[in-house]
Amino acid sequence: MSDVTESSRLELLEERLNRVEDELAITRLIASYGPFVDGGDAEAVAGMWTEDGVYDVDEGHMAGRSQLAAMVRSRAHQGWIAGGCAHFLGPAHVTLHGDTAVAVCHSLMVINNGGEFGQDAAFGVRRATAHHFELVRAEEGWRVARRTSRVLDGRPEAPALLVRGVTGQPA
Amino acid sequence: MSDVTESSRLELLEERLNRVEDELAITRLIASYGPFVDGGDAEAVAGMWTEDGVYDVDEGHMAGRSQLAAMVRSRAHQGWIAGGCAHFLGPAHVTLHGDTAVAVCHSLMVINNGGEFGQDAAFGVRRATAHHFELVRAEEGWRVARRTSRVLDGRPEAPALLVRGVTGQPA
Amino acid sequence: MSDVTESSRLELLEERLNRVEDELAITRLIASYGPFVDGGDAEAVAGMWTEDGVYDVDEGHMAGRSQLAAMVRSRAHQGWIAGGCAHFLGPAHVTLHGDTAVAVCHSLMVINNGGEFGQDAAFGVRRATAHHFELVRAEEGWRVARRTSRVLDGRPEAPALLVRGVTGQPA
């Protein structure tokens, strides 16, 4: 009897800990985007997505890892890095649905305006963006199946994306 | 004897996991503020607080969920959303005190300056703010009992609020 | 037999929970930097590091807690606080290596430009910075042994630091 109880307590602990680890794995995955993309590691950025993962952003639409890696290697992106750039993502809010999940966060793309270092406001905010992530549990861990990103410039899709993300709904 | 030991190990695990889940629940709650408020979901913003919860910010004082929802529905707030706006909160630092907790974070309120999209520095930082949260465990989960927010413009309350928050003291 | 199984399940749970708690302790430590430094708490900032911990930043090199505390008490830093300042760190990505760990995040140093409060863009971004943390488990908890920080103004060390941080390598 006591063994049954202890076994069921163990099982419950395992389930709860699974959820905690899933949430932390997803926040860690999303927290790796900024360092990888500002560090120019094209393969690592692409590897955050599933093989056929999609990154649907107002400035472009990428499908599959080779298009994601090409974005990082593009002249435009390399120019941001060479000039000084931070893709600064906020803390992700995660909703778990078993083997899939939805996450949401804001980001700021901050760029060096080329002013002399040490002068006030040498950096500027190019974009504030809403990000919605649909994630799947893959063999190698959690991966992004679809990321939908819209600039917060007043277009109605961006606020709508934030609400769908934080309530765990698909984009 | 071994059963006793295993039972006490189970108990300790349960207590530790409770604390981890509390901390994650609070960081998730705070991470939902930006998406809900920039998404214009007045009921969801208000629902983050207890029924009679307080939001004491230098620009206004709200008490109770109806005043919180009214802030989100106000012409001023709807204007921020329509123009393009990010309430970008940083990672919350949480101190648990059993059924109450204190959390602290910075935020940046970033707004679209109306410049043409794609031009450098189309967005500006309207406010950098210190936020102090006093939270309580309610039946429906953790809720904000009092949030105290002061702009970091040199007024001494704002730095003091950060230190009280990160050391787990009331505002 | 069942006892052996339950004991090994307990052991595995304990190991997994240890890792979760380590990760949360480190993210909490890093999330305390902004509130302590913007709050001017020199002893608390210094106490985040080991006794002989190093903070190697492009604007200066500090070794040991007394130099760290002196930075917070310096005329320059006190001037930032008096004028209005946010050291806004993003969510840290943590890689655990037993009793040591590596973490990485971006930060924005946002300052009040002295414009009248309520006017648009009263604040500016002085720096966007890459931060790499090497941490050790001390008796009193996790502490920073070495923090290496470089401004993201195009100098190649800064992107390199982000990649080394997110892949768990030393600076």
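Should a chain be cited, it is by its letter among A, B and C, assigned in written order, with residues numbered from 1 in that chain.
Simple rule for what comes next: a residue touches a chain if its C-beta (ideal position, glycine included) is under 8 Å from a C-beta of that chain, and two chains touch if they have at least 3 such contacts.
No experiment lies behind these values; they were computed from the predicted model shown.
Undergrad: Determine the shape of the graph in which chains are vertices and touching pairs are edges (line, ring, star, complete, other).
TA: Contact map by chain: complete.
Undergrad: Taking all residue numbers at the chain A to chain B contact, is the shared part over half or under half, that is, same or different?
TA: Copies use mostly different positions to touch.
Undergrad: Any idea how many Å lie between the Cα centroids of chain A and chain B?
TA: 21
Undergrad: Give the residues of chain B that touch two or more other chains, as numbers and ranges in rising order.
TA: 6, 10, 13, 17, 20, 90-92, 108, 124-125
Undergrad: Please output the residues of chain B touching chain C within their complex, sorted ascending.
TA: Within the complex, chain B touches chain C at residues 2, 6, 9-10, 13, 16-17, 20, 23, 90-94, 104-106, 108, 111, 113, 124-128, 130, 151-155, 158-160, 162-163, 165-167.
Undergrad: Could you pull out which chain A residues touch chain C in their complex?
TA: Going through chain A, the ones touching chain C are 3, 6-7, 10, 13-14, 17, 20-21, 24, 27-28, 30-32, 34-36, 38-41, 44, 81-86, 88-92, 108, 110, 112, 117, 120-125.
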